[in-house]
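Each chain carries a letter (A, B, C and D) given by its place in the written order, and its residues are counted from 1.
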């Protein structure tokens, strides 16, 4: 498996999830993927599939309805992975700090490696954050990092931590 | 802005006589908490193609009285009614809970006593 | 035996910029029923505006409701607060505010067009439009000091002045952009693969637009002539060459064309503003506390934005009601989905330009 | 087809639109809204910036002797510039620079550390207020060093 790891570091694919931000950072991520800043120089492709991604770009303070999805997406990304919190409200809650339906930053839920400042964060800072994330990705091992707040039970299968039930499945009886 | 007072029991008749789909644009349903269990409900319309013509129907009510639904007259009022159900904890016929709020979040956050 | 199948879309999906979950009820490939869950981004801004922030801070907080139309949110709130305080802005402030709103409209429409092109499978066009969009972003960054959240408008005026060098930059960049938009109009009109994906798909009829109270570009593409810029007298839009753009077919192609022609119109208006900028103070002191009730309507890029502000003479407001364009457009959107093919769903969705951060607040 | 080829050939010689960012600097326009910077000497510690800040990114720690300490979290700041406009001595005590905050890593304690600070600042205020109340009846003539 070490064979594949070297290739993953050369072309880190990103997964983007909006956990309740104002769209400002999301369009800046799109602008960073666009021609002027061109993140694809670093081998980055925006994928929609968590199972093929290495870097998890999250925007927004975690709202109550998106937290299960956030943890579930996080647990589905294979190790080693890096989480980048883009923007003020993702890092610390920003202007939404203390509002009744938010959770003051995503590091209440999942371990965050890089915090990108700015409201809204600019493509320049997103590139900086990604470069830092790449450095961290190289030093990371394949040990499983648990999210802090879980919705399901932790299971071990044959001395190994299983990722299967870490995030509870989404209830379909919401309405 | 024209403010017209109405009551919840005559609301459907009043708005039914007033609303014409090709003339009036339905903006939204709005609620304002007046404190001490009182609530003011507003239905706001604007006229197509005319400057600054907004008509606001309002009715005073409390938390328990069910609010009549306007969906039969104005299909697009569903969203506003669902929002009122969520934010103030009122009952509107045919409107479900859970547009914004989850099971463990603050119930009816816009009520004055929260 | 059950004949229909349910297909979910979202909340995380490559074609979605923001979380929204659809449950499509499909019969073979045709959608016959839709259910949408829009509450993923609910943060509780309305309550916070009336509890934890003073009325002077609220302008900066409501700008964070949505990053794409941040300037219209802060403008609508500021106008309402100024009306409650009995202050009328001078012409220079009005013109500067309008300039930022129109620039914001250009970049928002360009983003939507890029997104529609990407969802139709035209990756190169997406890159091209995103590259052209940077011209507007440069202007915005130079004027307000930030690319997305401008924080340009405050109670009593604007925070920065427009110098003559900035005027030159606006003229130069808009000149380049207007040429590129001309090329885009030709491309959207004549390109064979684009018209295959756009023409006659996702039709909203005029009758439905009236019934479901459609608004913004969605309504104007169906032939419903409604635009808040022509329905309020807060800003002198007619004097600056504003024309209402109305198409008749109501499909994705018509929506794109409304957006493209609005960009052309907005560019012309921005030029007029820069050329005819009146002199005057850019910021004045406003005293007092808001008291009373006021309604403000502003045309955001996606349609009508509505604010109701009520104050009782204290530092903290009593009620701030935000009605955003996508929120009241959802019933019309649901109607369009019914009867179309499942494969067209992402393209149709992108053509509405939905903004969930606005909707859920 | 021929037109497309001509267009593609032309594009080969057009200037590149991409900015090679980490290798090549991005030029920021004048007046970019960057970090809030503070001068310890010039500040009169009036607390106005702390009151107007929408997210609460500026905090003052109250020492027991009466001095105050300025704390600022660039990852919480929304860069609106409201504190600078509220400051009685703008450009001297508090100003908005044109630099951008670099990204932080886990060790910076961006969120956790700030929760601790918020708690500590609140406690220090309360302790100072309580101590002041106690001191007041004893020595009325002596003014405290800094009035909050």
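Heads up, the rule we're going with is that a residue touches a chain if its C-beta (ideal position, glycine included) is under 8 Å from a C-beta of that chain, and two chains touch if they have at least 3 such contacts.
Since the structure is predicted, the reported quantities are computational estimates derived from the model, not experimental observations.
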- Comparison of B-C and A-C by number of C-beta pairs in contact, larger one: A-C
- Could you grab the centroid distance between chain A and chain D? Build each centroid from C-alpha atoms only and quote it in angstrom. 26
- Task: Indicate the whole-number Å distance between the mean C-alpha point of chain B and the mean C-alpha point of chain D.
- Result: 42
- Message: What's the distance between the Cα centroids of chain A and chain C, rounded to whole Å?
- Response: 28
- Would you pick out the residues of chain C that each touch at least 2 other chains? 39, 42, 44, 47, 60-61, 64, 131, 146, 149
- Message: Can you list every residue of chain D that touches 2 or more other chains, as numbers and ranges?
- Response: 17, 54, 78-79
- Note on the structure: Flagged in chain A as touching 2+ other chains are 35-36, 64-65, 94-95, 100-101, 119, 122, 174-175
- In graph terms, nodes being chains and edges touches, is this line, ring, star, complete or other? other
- Task: Return all touching chain pairs.
- Result: A-B, A-C, A-D, B-C, C-D
- Can you name the residues of chain C that touch chain D in the complex? 53, 56-57, 60-61, 64, 131, 138, 141-142, 144-146, 149, 151, 154, 159-160
- Using the touch definition up top, name the residues of chain D that touch chain A in the complex. 17-22, 26, 54-56, 73-79, 100-106, 108, 110-112, 114
- Within their complex, chain C touches chain B through residues 38-39, 42, 44, 46-47, 210-213, 215, 224-226, 230-233, 295, 297, 304, 306, 308, 310, 318-319, 321, 323, 327-328, 330-332, 360
- Of all residues in chain B, those that touch chain A in their complex: 96, 98, 100-102, 104-106, 109
- Task: Name, in rising order, each residue of chain A that touches chain D in their complex.
- Result: 35-38, 41, 88, 91-95, 97, 104-105, 107-108, 111-119, 122, 124-125, 127-129, 131-132, 136
